[in-house]
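One structure is given here, and the rest of the page talks about it.
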């Protein structure tokens, strides 16, 4: 098993990129990552000037990006914590150069063109893009562990999508769901999910003491959920909400069972499904709360079946910056290099 | 039309009771309310010792409760902002004495014994209680304006129930809903809804930076929703969540239409339904947020129909202490005395 | 006494301007204000498109600004809720046209050129500006009631400055303070004080769960405090902090008494000083909290003297958008037109 | 150097005790701590029932306390995360039994009887208590590293006290302070500092959107500050405030220099003073914020000198549960056993 892997992070200044960098810095099997930024004109900047919380542990220089620098440093694995347009533009070259890539954006997650349409990619008709769309592995280790192990390009899942897909996979893939009834996914996310860029939507006064639903019937993560669960658009509704907290997602998921089951029956199915998944916790009597999973890489799942043994409420929680982004990216790296999935994440 | 009505408030120290007192103090048609408390042993206490925010506007003495005091003061209308056990115990006597009563608790809201069971009332089998259960009017002016006008006992609706019933009434009563599909109500409330009593659940550190679902499949407001909308238990799921904000409720409601409609069609139905309801705002393009209705008596309703013209998301917001409690209580008083529903609430 | 005064508000879209508009709309002695905006290119916009919370009460058109419109509408009093550069630029013309003006910015608050320097006004050397600098009355009704009554131009005080000046005036003007010891003003403000513009500093994730000091030794309000209290720069330190709340200011003020006094003695001096000030509450046993004054026009002052009868801690609280901005502006209007100072503010 | 030290924690269910347990569980030089509780009647409880956030990592049984269990388990070091009354009562026996103890309460921090008076200890006059009062070492490794190394009983400092003592020590012990002028310490703390017990003061609705000063002139930590800095009561004022955040302290400290210095001069003194202190970060241009130190064991100190080179503002931040409690306790353990001070805390 490999040790001292050289990684690089492009986009360490965003919230996910910063969390990723912090995890890589203390991961026992990798060297300190090469930190790169696109805005060459700003020269080298220390990451602790932007995030003074890491000051006092030595310098963290971020240098202007170049392919030569990657090569000179012996980088094998490149993490892209970049906007999807940039990931879409740069990753074909990275693949051509033989790098393995974990992309945290939505650029390469979707297999079906109609789902990709919402992103309006400029390369939509090129053969190169099509080839990469086919090659990319959806980086959900719980669902695609073997493919991730072999993957050259891992498309790290969306934060909402992770909470919903993991919350539904055992029921849907176990054919427990009454498909006629429809599945409702009501998700609530902390503000770091909206990124570091200041906007009216992220202004403290607009968010505090408030809750708002947004992107009803047209959030970008919907396609991931449908594809990973093999559902039709009409079978599912997904509504995201913006919570007045910095981080964490709670998805409340509603479905109806095809045949009667108790909460204990259903929990047993879920426990079996996630038997080998160290980063999913299936809760019994107590439903999870955001607080339990924040600052961890866990996805916590609670299950409640109504007395009629048909109506089900599933509560799925995770930290949008960890299991919903940087933590899952490192979990994918662990799988790609044959390491223990827990490595560096505890 | 009556002026200078003498009211009394029992329970002015709770969050709802305090809001109610503040509204009554500036209502143009009522005298300052007589403030009463049950704990006779504490003697007379000024309300501004408990809520210094109202200091400087004169004293607000709260005296130990007695029926004689009510009579001596010429009280015609009694507001009960008390726990449901106390409302259940005291209101029969108030009715016997000829008082009109608006009760803010859940004591008299439910018509069906199976729904009342969750409260475990001790008087469940008495004829007197049965008579009052029948007599009580569910105080939703938008649905029962005429009955409220005549009522001697108004059972002021629950906060969650108000947001959901008003969000669903036009669709359900207009027979627009596909009953096979099921209705999902995912509600989120600020902490003042849990009352003023300190508990582990309301400790700042447990609530802040958190979101939690609770009382899944067994919240007390479920019965009100079913009764007011004429639904069976199996047709609806209602899940409340505790938000890290002091006040406000947002309910996200999911249903499927029986026949295809656009958002505009549906909004037109709602606008028509609430044409004469000054305290319901039907939103068009923009879905409401908690912030828009907090500190007002409005229930705000937004409507989104999916492109398939079947799946619907309804967003309903209100201030749990106003339209969800004290504001609606005063709105009921306005109806009971033939005043403009807006009076004293702007 | 005048009724039906026609006012205008320039800048109703900012937080202070919006609060001001809301107060004027329900003020019993003024007509609905004429709402104006500088960005002519955007045409007329309804204020409830920006603040849906006021929807449902009729339209609130904001029209592009012109002097002709002011004249045609018969505006007598103009409120400027604008950046100080704009106030500095436009108010000379308003004065020339005979309007009375209440300016909420820092443009005209300072009498001493060395204190004004921090604003870098471009008109610093013109005679017209100098004349207006002299003419402007510092709009603290508690300190300058008679001057405000006669004023053509009222410079509405800064939010921090109001909390500190009112907290110190009785002690300083009563010559109770040991000048050798120095006065420390440690102020904490909610985020609305930083304005509606999204910046990294007002991003939810940067503010929540945080507290930060800023502008140490160089905040713009320092000059107001020194001038109004007649202090030298070396006698005072003022440090503002950004609190993770939407609104409210608490200033903790430290001084030493020249001669021994108890808390009761000191409170008596303050009560006497503010005997005729309806919007200052001097607290006795209990020190005020932000919560008590938010959504009111009160400045609350609590006083604690140490057992040594020398060291003093003063706690001064107010709502930065009301007593610290829009509320005080209306209070100034009330004084300017000889109305009761409470009018429209309860 | 010792490895595999056996520790025990009494009081793991409080906020500090839980943080302490989490740190000990991943500390490379100690065995999993023996977890004990006083309420014997509740039997053995798993810590993850109280804190589900640690579920999934194995069980964490907390057993009823007995001295025999400590002995049987080979415990050498006992952490007391208990109320001060209990620490005062139990620690003499622990010392008699030859255990080393780190006590997180205020029981043994104070050397001067007049400062201890505020705690009203029942053993105030006994010789045994007096002996232990003398024996106890104030556990500030930055100030008393050598004594801590030898100590049998370490009194872990208070959270406010730590932020203030570390913020002032270089200036006071370096004789830079103008003693006539007085020192002002204005501290703001998150709510976890008030403990896990629900009270009206920690109710979410009372804390959110609020800020309050409390215990003015009589907070218990005042004595620690005076003793550690060798100051007289009249020279210092300390005012704590309750912030609407879960954790973190920021102290803003005001003093006057005896002789003129620039910010750079002063920073150099501080850097020199803390040259060998890995857990203090002296900030240069940028003053620290609570966010930088939360979830770390750092105390961050920023220094601003006014242009007059006399007035000084010091900003000192830390996490009240880590450097202010559990982190410092582990740091003390590291010193006591000759390990690197950073061990287990990164």
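By letter and in written order, the chains are A, B, C and D; residue numbering begins at 1 in each of them.
Going forward, a contact is a pair of C-beta atoms (placed from the backbone, for glycine too) under 8 Å apart; a residue touches a chain by one contact, two chains touch by 3 or more.
Note that the structure is a prediction, hence the values are computed from the model and not measured.
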Please tell me whether C-D or A-C has the greater number of C-beta pairs in contact. C-D
Angle of the C-alpha superposing rotation, chain A to chain B, to the nearest 5 degrees: 180
Distance from the CA centroid of chain C to that of chain D, rounded to the nearest Å? 40
Roughly how many whole angstrom separate the Cα centroids of chain B and chain C? 37
Rounded to a whole Å, what is the gap between the Cα centroids of chain A and chain C? 46
Going by the touch rule set out above, which residues of chain D reach two or more other chains? 208-209, 244-247, 289, 291
Residue set of chain D touching chain B in the complex reads 15, 191-192, 196, 198-200, 202-205, 207-209, 244-247
Per the contact definition, I'd like the list of chain A residues that touch chain D in the complex. 26, 52-53, 55-56, 208-209, 281, 283, 286, 288-289, 291-296, 298, 346
So in the complex, which bits of chain B are touching chain A? 180-182, 184, 186, 188, 190, 206, 208-214, 216-217, 233-234, 237, 239, 241, 243-248, 250, 252, 254, 256, 287, 289-291, 294, 302, 304, 306-308, 310-311, 313, 315
